[in-house]
Amino acid sequence: MIIVLKAEASEQDANEILDKIASLGLKPLYMPGVERTVLGALGDERVLRQLHLDAYPMVDEIKPILSPYKLVSRELQAHDSVISVGGVKVGGNTFSVIAGPCSVESEEQLFGISQMLKQQGITMLRGGAFKPRTSPYSFQGLGVEGLELLKAAREEFGLKIVSEIIDPNDAKLMHDYIDCYQIGARNMQNFRLLEAVGEQSDKAVLLKRGMSATIEELLLAAEYIINAGNPNVILCERGIRTFETATRNTLDLNAVAYLKQKTHLPVLVDPSHGTGVKSLINPLSRASVAVGADGIIVETHLNPKEALSDGHQALTADDFATLMADIKPFVAATGKSL
Amino acid sequence: MIIVLKAEASEQDANEILDKIASLGLKPLYMPGVERTVLGALGDERVLRQLHLDAYPMVDEIKPILSPYKLVSRELQAHDSVISVGGVKVGGNTFSVIAGPCSVESEEQLFGISQMLKQQGITMLRGGAFKPRTSPYSFQGLGVEGLELLKAAREEFGLKIVSEIIDPNDAKLMHDYIDCYQIGARNMQNFRLLEAVGEQSDKAVLLKRGMSATIEELLLAAEYIINAGNPNVILCERGIRTFETATRNTLDLNAVAYLKQKTHLPVLVDPSHGTGVKSLINPLSRASVAVGADGIIVETHLNPKEALSDGHQALTADDFATLMADIKPFVAATGKSL
Amino acid sequence: MIIVLKAEASEQDANEILDKIASLGLKPLYMPGVERTVLGALGDERVLRQLHLDAYPMVDEIKPILSPYKLVSRELQAHDSVISVGGVKVGGNTFSVIAGPCSVESEEQLFGISQMLKQQGITMLRGGAFKPRTSPYSFQGLGVEGLELLKAAREEFGLKIVSEIIDPNDAKLMHDYIDCYQIGARNMQNFRLLEAVGEQSDKAVLLKRGMSATIEELLLAAEYIINAGNPNVILCERGIRTFETATRNTLDLNAVAYLKQKTHLPVLVDPSHGTGVKSLINPLSRASVAVGADGIIVETHLNPKEALSDGHQALTADDFATLMADIKPFVAATGKSL
Amino acid sequence: MIIVLKAEASEQDANEILDKIASLGLKPLYMPGVERTVLGALGDERVLRQLHLDAYPMVDEIKPILSPYKLVSRELQAHDSVISVGGVKVGGNTFSVIAGPCSVESEEQLFGISQMLKQQGITMLRGGAFKPRTSPYSFQGLGVEGLELLKAAREEFGLKIVSEIIDPNDAKLMHDYIDCYQIGARNMQNFRLLEAVGEQSDKAVLLKRGMSATIEELLLAAEYIINAGNPNVILCERGIRTFETATRNTLDLNAVAYLKQKTHLPVLVDPSHGTGVKSLINPLSRASVAVGADGIIVETHLNPKEALSDGHQALTADDFATLMADIKPFVAATGKSL
């Protein structure tokens, strides 16, 4: 429920209502604005009715939040959220490009890629230390050693670090090594993991859509994180599973446009997993720009043939330079800047 | 099989080989180029081997066509096909916009829309006279009366006509009324219909992808039309059926980029059916431009609320003007012109 | 709308109401029962209201048909329809087995299979003369020659013939050769084909579910045939297209149980296409029996390796004997007979 | 790699080879049989080649395991695994029925259901204490209090307990309360959870297929558990996500038959989630029996209308009695016993 206060309402008026909300076991929200203060009350429908807000003269308007998701909804917050990844802004008037290898493999590999990205003006590095792999016999990532390498790359090149978390117990550990937790498609409904990054950190969380998750389920997964205490969520469309086998997944750009209308959170696109075909990454990156995404996250590798995972879809240094040149005029057409 | 002749080969050399190809029951293809003449031979692998092309001194190179589709393949023809719709070009350096109502309903309706489109610089009008409807109790279209209205709109406004064919027996009848046959998603594998427009006409055919057809099946359906004698095929991605229900279909822009690499035929996008949500048509149209599509086909209606079919996804005159303004900078960014 | 007449209503009372229904342009239905006569009126909601049935004293009860499909609905007819295929009954207390090759290839092939089936007690032979193939370069069937062979098998072995129709123009031609038209998955929404077998014949029609058709769309496709005049429709689940690639299709037995509740028409299962894997045909046939299907249609071939189409999923004579033995106790458990 | 020893090989011969396997960092497996001893070596292909098994005279035959999954494969173990759930056997010649409420709600609710199940001869009770819910605002389960109630039901009625685990940290805690961990569809690829129940317990694990997981991915998820040390895995098909909306999921019985051929693990079916429609549970349970499943797991509730979750698909006491009577003749037809 959204509670719009009158222009003349004082902070004390707001607090009085917030106390009432909390006293009933509901979740109170305080959203001061330039002209008006807006309050929120989240919880059970029947309890919400017990608020009797008509008794508060400073309440101007009451609006229910119709969608099943609340905190992520544009009904609650109309303007775009801009999320900080170690100080770098994602969302708003920026088109972000996050790049890096699927897996962290060695210092040589990671520093080589970091240098290349730095030269291209990239400020955020992705790289997996913990890899969720379909087979227990596949390379599972370097673990803490990988995190150390990421931290070293951060210090050496000033890049902000995006890395995947797969265990709720790692939330605290990773906090010092990274600037943004990534939650992968397979873990989108690993609710304990969502709660862990929501409760134990205020660092940004890049939440990828599950491979057969509906848009509503993605928004409710984001709601778990924010409800647990961390509002810094970035969504990511990475392709859904369909009958088509020519591409690894079917990138759902409908979902990106739809999400931008329903939520105030930034929405990125992962064209590497979304297509699984190297030659399709550029056209789909351009399309992601044009559809209104807030950025892309792409896999790069200086020697894709020797990559320990996902080499077939990794861009080389030359490929990446071409990609950046390729999307530039489209970013300009949106009025955003890289 | 593709047979590249030497630069000094004469037309007679080519004919000799073509005769040999035909004599074995194979399909001969003659593709003269500026520098070299290229021949094709299509048919059973085992028979192809009986050609013994090493016996012809003017043959420079022989290449197998690896894909199951041949005539539509870029392996056979590397450059883009540009298809004429009543003289208007689709493909190449043009971004085409085809617009009009789902169903032709009346002269007033059709002329009103036509005038609006004309003012927006649109040259191709879509409108259904024969409607394939899920229920036998739904409006089935005006039939020949609808075709008459389309013809009248063509004469009055100079618009080229795109209209759906659903019965092989209508191919000859429709020929005089329209400039481009549309084959709908439900009929993509109605092989007798594909053969009918292939054999009985040389007018353009806009072939829509079936709602659960793979990209390869779409290309093989196009192959049916060309193999039957009509090379003027335009492909159209219109959304596929997935688990997601927030949108009517999932527009597969991966497929558009993939098709542009595999075939020389133009590829359009239908964002109206591809999303089924009016507010998503503009962002997905921009994305279609950026991904490399050769155009879009959109549903428009001056009074969507009174439309006899698909009113919820039809753009009004104002919506349409906004759409055109919206895509303009993105078309410019591709280097194409509207 | 369903109109239940009072027990004492005469045939003249019924006719009076039927005339009124027809006079308004609605479709009248006459369904005399042992105790009561039931009438039906189908058409536009607003016109239905103009019937003013309260003016007829012999009307006992009026019930709307809530589903979008009417003639196929159990709301209209509660008891199971039993459909005759050349005198052999499908539906009710029988579990039917239709078998035969994917394509008719030669007299030797067809007679060999027919003899084998006859020995197994099978009475209905399937075999394609017109084949809808994904590629124009694949074997397209023997055409009329194939129909002649099917007719010969009918005469020689007394088998009833089930064969696919792919062109509305063939409805009359095929009528003399076959006992049951088959409409394949790709043509489920080829509405002109549905109308052709509905208008031009009263022979049974085996309607297969499209590979991404919803259950409701299947029922509406059947409604097209019955609405056009032919009530003898048999439905067939043959697998839907999903992300799973271990099997050719995903056989949807949920749909069979759901259909049996919603419609009075018989429902068969095609485990050959539904799995595409020979070793899965027996277990899924048993499951089809148990879920309540009215029969199965399976592909058989005496030399699967030499089959011109679908050889990998065809059962040999031995396989088929095993299948029959395998399903027998499960058919007994349902209380039906083979 | 599977290593078949000669009949005359001694235990010492086996140990020698197992030591060699282990010394190279490969995983050794010891599978003594009545006539022959079979050994296994799992790990990197290149290392496997370094075993030089031709040097061991007691090695009779060496066979590679072709599938990507090894420990779960029938290539490794041809005979059916029978898994103990607190002493009750699942798999082999038994058809198991596990039943109970979606969520544990109260002692009254749980004991009521337990008594009813006991009367029906059921020995395994399912009930969720930790519920993975799409929305953070939905009932999340009673947690440890729920586990206490389950333990009480075990003591009172002698039922074996099956309950869902959603956090790797709960593996040890739950060990004392339950007889079988359930891993839900959303957590099928929560690899840390798979490892937790694999490493920290030897109790049975019921692993449900993810809603868009391929069969191979399910087998590899099971491989994670066994590879971590716990061989007692039971698989469960619970419906996959497709375009069809008439049912909550599409129950994939193809997968059950396919799994029974590829793996030695027992395979159950969950017709409650697999259909989401109460009236479809019985026919699909019968089909599950007939297709060769080793059992079913169904949701029951004495007052479905008051259930805190999934009430619409829960069977009442009467429904459940009907279900048991309904499947009985089909179980008999398979030669198994309830």
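Each chain carries a letter (A, B, C and D) given by its place in the written order, and its residues are counted from 1.
Methods note: a contact is a pair of C-beta atoms (placed from the backbone, for glycine too) under 8 Å apart; a residue touches a chain by one contact, two chains touch by 3 or more.
Because the structure is a prediction, the values reported are computed rather than measured.
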Result of counting contacting C-beta pairs for B-D and B-C, higher pair: B-C
Cα-centroid distance, chain B relative to chain C, in whole angstrom: 34
Intercentroid distance (Cα basis), chain D paired with chain B, Å: 50
Multi-chain contact residues (two or more partners), chain D: 212, 241-243, 245
Chain contact graph, described as a line, ring, star, complete graph or other shape: complete
Interface residues, chain C side, partner chain B - complex: 42-44, 68-70, 132-137, 166-169, 186-187, 189-193, 211-212, 217, 220, 223-224, 227-228, 241
Residue ranges of chain C touching chain D (in the complex, touch as defined): 212, 214-216, 239-240, 242-247, 250-258, 260-261, 274-275, 277, 279-280, 283-284, 286-292, 329-330, 332-333
List of chain D residues in touch with chain B within their complex: 212, 241-243, 245
